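So that you can tell them apart, the chains are marked A, B, C, D, E and F in the order they are listed, and the count of residues begins at 1 in each.
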């Protein structure tokens, strides 16, 4: 993939997910980690935006961060794939660059 | 005034101003300081929300923080009053309590 | 009027410590009392004497230490938060088996009870943070 | 593949240092190389040996020091950021006239050029922060 | 301490656990503060509602799971946990996703009573307006 | 350093100055990085556009005003400052509210040329896609 974008803050608290989704190009990947995984819960106000973006970008959420916040696999929006730290490393290695939205 | 609410982060970056404005009661004061003053600039996306809230709450912005960010007195939304640190102290003293939205 | 001030962020990275210091200075100038300044979370990082900010910038640790000396302020650093972040006085260093300490003049390390007490004793509690 | 990692936040207050450590560990486990871990902004606070986190919690400074020892990692603390925040090694302490130092084993203090060099030399640069 | 000097303390919890230390260090204040016998209320709004979500498992991130401590708050006479309904809903959470937290009523043969009250935004505003000291985390 | 090993560095500046140190410490990296003769672009978006606003006066907050340093970037061969139009507009800012920042073109008798280019969101996305290393502040 061209760019792996990482977002680590809750989209309810900060604008970093919104700003990232607006600038991620088709074919890019977006990884939600730390508090950002909160946006990937089914029924969250950001579930729709993530599902829509998933039409052109691959969206991932870090499984250990989901688990820490009590979000089970079946609670995650279907358009979002879960990865562990090893999968995060693979995504970073496969991308041409990694862009952190801090 | 019953409560002085303080907001210190840019409303473009965080949800703290929005969450504060939704919970501030009539007669309360809201002080914007640090990066939050960015919201008080004329033409900003938050100018309207501040002007509307000013109908029931007094809205203040800290003058030294405005100046640091290059925002002159005439650039500030009319509904927002400017105060210096001494005015901030007066507001805190006059309020029954101070509630920080961090 | 009697104020208590809470500082939740370290120096420089966020403006919180600057804002709190400006507020404290303005309150004292108006004749108010400051019952205590309580440093919590990363706020404990204001209390290290090891900082060497650039010569042309302000030195927040010194500003706090000097304000405390001038007005007999009670600057309290939360012990639990300090332990997580590596702020030690001589007693703590000895107790934890560390080979040195870094606390700056005018600050003292104490428990979270000092924050609650500040809330009880002060007329207004004002919080600065991230 | 050769990674560089940037850590922009101190331990505990934000998850950045934990995430970076987990990423580094996973990358090493997959056989990747880590050219350098660069600690910037409040990230320099990971490098103090004065921390004493609660016994039942992780000790991030130790986790980094141990990972560095095991894999010969280059843990670089930005000197300018360290000066603002009170992280000193013996040389810096002497140069700045401070009476002690607090740097932890496995970390070294150096300039911002090390960050640029990491960007040039590494295939991927991954940043963790607030 | 006399009733007169009892103050109403409100803890304003707005952040998710683990991404930052505020939830944990807020809880540490609550536990220490309990000894001061003040009138204590805890408010959970915005991402703070995640502090009370059931089933937190931190093994994968290597951090201490402190969520069980909330269940012990009743033993510290901390019985008033207010969770904002609108914050839950925006995050796709229901009250049943939260941990059951109870306190034992000494006057009713130690009957277990719920400590959590889900309230709306307007009630949250009133809670702030009725407090003497607000501690923000 | 050979042309082959020149990399495209992009500095992503998203925060206002003074409220946090990121703007200042980003600038410190840019200045040191200039010695490495890489291909450097600076992007200012979201609140980062405030870093370039003219007329910053920090006397009242007691902090160092570092805004003048941006004007010196041309001397460090840093000539590509991209400012996002949509970020300006949302904040009530116009291009004329920004500091004039120029570089001197040696090939055209040291003519002063503007370093700032106001670009739209799509161009910002292309800038990221064209970079080798993104440093986020």
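We adopt the following convention: contacts are C-beta pairs under 8 Å (C-beta built on N, C-alpha and C of every residue); 3 or more make two chains touch, one makes a residue touch a chain.
Predicted model, so just to flag it, every value in this text is computed and none were measured.
Shared contacts of subunit B and subunit E, meaning chains that touch the two of them, come down to A, C.
With respect to subunit F, maximal separation of chain centres occurs for E (centres as means of Cα atoms).
Comparing the CA-atom centres of all chains against that of subunit D, the greatest distance is found for B. Counted by C-beta pairs in contact, the busier of C-E and B-F is B-F. Subunit A and subunit E have Cα centroids lying 29 Å from one another. Taking each chain's centre as the mean of its C-alpha atoms, subunit A lies 38 Å from subunit C. Annotation for subunit C: residues touching 2 or more other chains are 12-13, 15, 19, 22, 41, 54, 80, 84, 125, 127, 129-130.
Contacts with at least two other chains are made by residues 14, 18-21, 46, 61, 63, 132-134, 136 of subunit E. For subunit B, the set of residues touching two or more other chains reads 8-9, 12-13, 15, 34-35, 64, 84, 97-98, 100, 102. Listed by label, the pairs of touching chains are A-B, A-D, A-E, A-F, B-C, B-E, B-F, C-D, C-E, C-F, D-E, D-F. Of all residues in subunit A, those touching subunit F in their complex are 2-3, 15-16, 19, 22-25, 28, 97-102. Contact residues on subunit C toward subunit B in their complex (touch as defined above): 1, 3, 8, 15-16, 19, 22-23, 25-27, 29-30, 32, 123-130. Those residues of subunit F that touch subunit B in the complex are listed here as 14-20, 46-47, 50, 53-61, 63, 65, 90-93, 97. Against subunit F, the residues of subunit C that register as touching in their complex are 12-15, 18-19, 21-22, 54, 56-58. Listed in rising order, the residues of subunit F touching subunit D in the complex are 5, 7, 9, 21-22, 25, 28-29, 32-33, 35-36, 38, 132-136.
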